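Both complexes shown next keep chain A, but they swap its partner, so chain B is in the first and chain C is in the second.
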Partner chain A sequence: MLTFTLRRVSLFLFTMLVLTLLSFSLSFLFPGDTVINHSGHINATATDLIQLNKDYRMDENIFSQYTAYLTHILNGNLGQSMASQSSISSEIIKLLPATIELSLVALLIAMLVGIPLGFIAAIKHNKATDNAILSLAMLGYSIPVFWLGLLAILFFSIGLGWLPSAGQISPLFEIEHFTGIQFIDILLSKSPYKWQAFSDASAHIILPACVIALGPATIFIRLSRASMIDVLATSYIRAARAKGLSFIQIIFRHAIRNALINVIRHVGLQFANLVTLAMVTEVIFSWPGIGRWLIESIYQRDYTAIQSGLLVLSCFIFIIHILIDFIYAALNPLARGNNNGS
Partner chain B sequence: MAREKVYLEEVFPSPFMQLWGIFRKTPVAMVGFCSFIFLILLSVFSPILAPYTPIDGNLDMILLPPAWHADGNVSYLLGTDELGRDMLSRLMYGTSLTFGLSFIVVIFSLVIGVVIGSLSALTRGIKSSFLNHFLDVVLSIPSLLLAIIIVAILGPGISNTVWAVAIVFIPQFIHITRYAVKEEFRKDYVLASRLDGANNFRILYYSVFPNIVERLMSQATLAQSAAILEIATLGFLGLGAQAPLPEWGAILANGLERFYIAPWTVYLPGLAILFAVVATNLVGEGIRHALKLRKEN
Partner chain C sequence: MAVLPMKFKYLFLLKITLSTFLLSGCNESNKLSLSERSIIYCSEGSPETFNPQLSISSTATDASSKQIYNSLLVYEGKNNTLAPSLAKSFHVTRDGKKITFYLRQDVSFHQTSYFTPTRLFNADDVLFSFNRVLDNKHPFHQVSGGQYPFFDSVKFKDLVEKVEKINDFTVRFILKRNDSSFLANLATDYAIILSEEYGHKLNLKKAQHDIDILPIGTGPFKLKDYRVGSLIRFYRHDSYWQGKARIEQLVYDISTSKTSRLTKLLAKECDVSSYPIAHKKIAERTDLTLESITALNVAYLGFNTKKEPFNNKLVRQAIGFAINKKALIETVYEGQAAQARSILPESSWAYNSKTPQLDYNPSRAKSLLEAAGYSQGFTMDIWPMPIQKAYNPNALTMAKLIQADLDKIGIKVKIMSYAWDTFLRRLSLGEHQSFLFGWTAEHPDPDNFFTSMLSCSSREKGSNSTFWCHEEYELLLQKALETPNMSKRKNYYAQAMVIINEEIPLLPIAHSKRFQARGIDVEGDILENFGGINFYNVSKNVLTNTNILPQPKTLTKERN
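== the complex of A and B ==
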């Protein structure tokens, strides 16, 4: 486990190095003055500029410029937004939890729907059910997410009027900002209308979360189907059958556990995919998350915000990636070893 | 025992022809393949086939519903948009932008990725390890996010979108080529030709490439379905094709304001994207299915 951890830590450090280098070089690639791109002080006076140049060590060599930039990031100073002139780190702290909340709910829906369907397809391998599930998965995988979002709004919000079409919660409810994750904030708040707020927030999250979940759910169907087919072909399943266990017992006690492990391994990669889908969906559903903020920054040519937003978003994706690697290693002893004897 | 053929000549089709033989017998894959060919033809010949121009509107025919509707007009088969532009012509011209460009982009990144990937498969040591780590990082960033980053650097526009998507797919092709070439190099037939005195490039060209071309094609179809979705998504977000261009995602975004009174301006381009992606995915599925069957035989 120690080697495994060390390897992950080294990968993490390497990735952070590449990501910060990338975001550092973005300031040079974007149009405009590099130091202004770093800091976002678009209206800086001459004295400010001298101070900024000193802070970011612009007159020294590129390596020491990079260290200065890294120091700024490590101190939590991501500069200020060119458009609104407010601190980017505080904006991100406000927006990132909404995205985390939305993507986690979507991931949950995707896994809860996708994995069982995949297992059913694998059990009915090469039968009509399998083909139907696979065709549905293919269709779901091919639908453009923005179109699906619009159709969902047209059907469920405008046509049937069941669910709200925009925002995170009705503005009638005043929820104090503790963690930023709406559901936890509602539960922590002392408002007498806590439960109404809770159900309102749930009604708001269902539609965008389902729209985001469709794509990853179809991938989970494929993954879990493939892994279940593999597991069902192994000899320990045959041994269990020879022992006289019923089909239900074999599936629930032996097959599902082993098949799930292989699915969990891919959750990290799917999460990255899901966050991107969430960015687009946030725009359609006016969800106050980091994706919408980032895309608006691109419209406004707010380079400091783009640079820092990308850095934070990719760090977040990568941290989840590594976390899932650890969960996978904790669940599967085979993944922990360093190939000794295998 | 009488033999009809004196010389028993065994016909042994090449791996690629075997694959095509299996592929041809899967009806669903063939439907996908025909739609794929249809889309390619449409993207080449749309200027000849389209009944109207995609840019100029007819202001007497604003927001006409599709022909099957009670208020529809049969000379505008799929209706018109808010400037009286014929939806059918716009969608046909859009094929060459969304589908045709994605096809070109994938071919482009495929070629570059294969060259870099096969060269890197032949290197070892620190260079190779660095590339491996670097690819891991790049591949862990979702392709759409990466495309958005690159468009943010280059600025919005259809040509920048194309560059962004091309750059995004190169690492994927490098990765898959590298992996496939390394795997093939471990096999005995490569050893055999090495013993015959062939150098690395000869092995690569004559022995390895014919055996990995199907895997690359299957990856290319995956990449193309992603490329179509990416070009359309960037167009929808207003970062890709700009206003008068009939790119499918941009047409959809354009119809957004009149979404409720003229739903066909939104659902038709969406259906077009869906059709293109499904056709591409069906071809890809067909190739993967055929590869699996060929392996089992």
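== the complex of A and C ==
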């Protein structure tokens, strides 16, 4: 386990190094003064500029410039937004939890819907149910998320009026910011309207989460189907059947557990896909997350925000990826073997 | 391996708890829910300040004037007559130069997390508020930029000699000359009353700027929270002097995109939406209403009365008869504007409905042209304004329609387009023959239309590009300003309107409207005839048992 952990940590460090190198070089590639792109001080006076050049060691060689940049990042200083002139790290801390919350709920929905459907399809392999589920998965996979988002608003918000179309919670409710994760904040708040707020927040998250979940859910269907088919064909299942276990017992005691392991392994990969979908969905549903903020920064040519936002977001996805790897390793002793480290 | 079933159990538990939460949320709404006691207003932008003295943008006045503050006087009713507010009565001396206000003694300021008032409203607050604008040495004059655009535009400093405190509840304004639009200025959204005690406290804390961003006033709502670009939250001011508002919370959901405002309105995420699009769609829905109010503005076709052939009154009249205003309104405003019969909108108290009209009559136009000696017609230039304004959303289309109309009586029209700054510069140089332009009133006093648009003095100031100057008209305006008697003033303005419709230095076309949409469960007027919106009288119709004190209606006015 130690080797496994060390391998992951070194992979993480190396990837982060490459990522910071990339984001560092972006400052040179974006139009405008490099040090201003680094720091975001677009209205810097001459004396400010001298100080900034000194801070970022702009008159030294490129390597020490990079170390200066890295020091800034490690100290939590991601510069300031060119558009709003406020600190990017504080903006990200405010916005990232909303994205995490939305992505996790979407992931949960995708898994809760996708995996059982995939298992059913595998059990009914090559029957009508299997074909129906597969075609649905194909259809779901082919629908672009921005179009689905708009359709969902048109149908459920405007047409039927069941669910709200924008934001995280109705602005009527005052929820103080503790963790940034809305549901936890609501439970911690002392508002007398706590439960109204909770049901309102739940209603707000349903549409965007379902829209994001659709794509990954179809992938989970196919993954779990394939994995279940493999498991059902193994000799230990045949042995169990020969022992006289009932079909239900075989599926619930043996097949599902083993099939799930392979699915869990892909959750990490799917998470990156999910965050990309979440970024587009946040714009459509006016969700106050980092995706919407990043896309707005692109519109506003806010280079410092783009650069730092990308760095934080990719770092976040990578951390999730590694976490899922750990979970997978914890569940499956085979993966911890020395040969399967990568 | 043993971990997996555990995981399932957790998921199952989570599902159960989630659904219980959802259900318990529903049970609680048996009581009057928060949304039934609140209004969400989808507004069009973030206000730059909460002090309307500092800004004339409607976003700022909508968010502050009538919600947070009161002024000494207010406009009331359809005709915008003056009514008392923080002043319970006032008194004008015979020469019109001394105006004494007797203040209400039961008005309390907001109590918020950042300020607790220790005294009621009194004369010091009035002095503080007006001296901030008038006195360059006032500790707050330079705070937040030191610019008071409304007061500058009406030359308030040149008019007011000083403001005196007679006693705690009596204040006297001493004017340099008699000006009957003075009282009208005091009733605008901009002449609000700040708290002197709060100002004093901020001065000690060296946080003077807070007076404009963390406002304290006497109005029906107090500011709770403002997040730029996201929302403004107001709480009800429970000890409001006219009785507390019927809603407990007022939230401005700032949605700059027109489509997102529409979506939120249709999805019931906001109760009221500013400047809605898709009027037809809203009108079709049974659960929404679309309302509008004719704004105090006018779009017009102006003539350069210094240039041929428009120095001839008959030619101007001919064009007045030749243009089909109804068609212009249908096309350019999609029917959403009132046809202008004079430069003054019908909602103004000075409007005279007996003013002779210029109705569409091409044959009359032709005979007038012949009488003027242009039976063969002529060629003219028209300059449409190059930007969109509320009073004219598309001047170029309007110019094209006018081109077609005038072609029928033999006048060839060339449409000339310039960039906005070039347009204004060349207009002031008088290089044009005719132009499409407009005017928005800065305050509802009729003088703001008559003097600014057509007086001889505004030719030099650049707001009268017709270069028309008429002695009799000028005299009437003078007389109207000198008398405080409303019916006499109305009479003078009626005569002025007759002169304009006879002389036609410009042809008034339309008064555009301000639109607003709301759910049918929202009751009470929000749009006011003049100035910013007002949420004081608004409620959701589930609320019926709250007491509302009647507003004082009578204006006690003493004369000596």
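Criterion: the second predicted complex is superposed on the first by the 339 of 342 C-alpha atoms of A that agree within 3 Å, B and C clash if a C-alpha of one lies under 4 Å from a C-alpha of the other, contacts with A are read in each partner's own complex, and residues count from 1 in each chain.
Everything below uses one rule, namely that a residue touches a chain if its C-beta (ideal position, glycine included) is under 8 Å from a C-beta of that chain, and two chains touch if they have at least 3 such contacts.
No experiment lies behind these values; they were computed from the predicted model shown.
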Combined model on chain A where chain B meets chain C, clash or fit
fit
According to the stated criteria, A:L102 is in contact with first (chain B), second (chain C), both, or neither; which is it?
neither
Touching partner for A:L112 - first (chain B), second (chain C), both, neither
second
Once chain A of both complexes is superposed, is A:I143 in touch with chain B (first), chain C (second), both, or neither?
first
By the touch definition at the top of the document, which applies to A:I158: first (chain B), second (chain C), both, or neither?
both
Determine, under the contact definition given at the top, whether A:F198 touches first (chain B), second (chain C), both, or neither.
second
In this superposed model, does chain C or chain B come into contact with more residues of chain A?
B
Scan A:A329 for contacts with chain B and chain C and give back first, second, both or neither.
neither
Name the contact category of A:A272: first (chain B only), second (chain C only), both, or neither.
first
Partner chain(s) touched by A:S286 [first = chain B, second = chain C, both, neither]:
second
Can you work out, in whole Å, how close the C-alpha atoms of chain B and chain C get once everything is superposed?
5
On chain A, the footprints of chain B and chain C overlap at residues 158
So in the complex, which bits of chain B are touching chain A?
133-134, 136-137, 140-145, 148-149, 151-153, 156, 225, 229, 232-233, 236-239, 249, 252, 256, 259-260, 263, 266-267, 270, 273-274, 277-278, 281-282, 285
Residue ranges of chain A touching chain C (in the complex, touch as defined):
112, 153, 157-158, 161, 164-167, 170-174, 193, 195-196, 198-200, 202, 256-257, 260, 286, 288, 330-331
Which of the residues in chain A end up touching chain B in this complex?
11, 14-15, 18-19, 26, 29-30, 138-139, 141-147, 150-151, 154, 158, 269, 272-273, 275-277, 279-280, 283, 294-295, 298-299, 306, 310, 313-314, 317-318, 321
Residue numbers on chain C that touch chain A, as the complex places them
1, 3-5, 11, 18, 21-22, 24-26, 28-29, 33-35, 38, 40, 224-225, 230-231, 233, 249, 251, 253, 255, 260, 263-264, 266-269
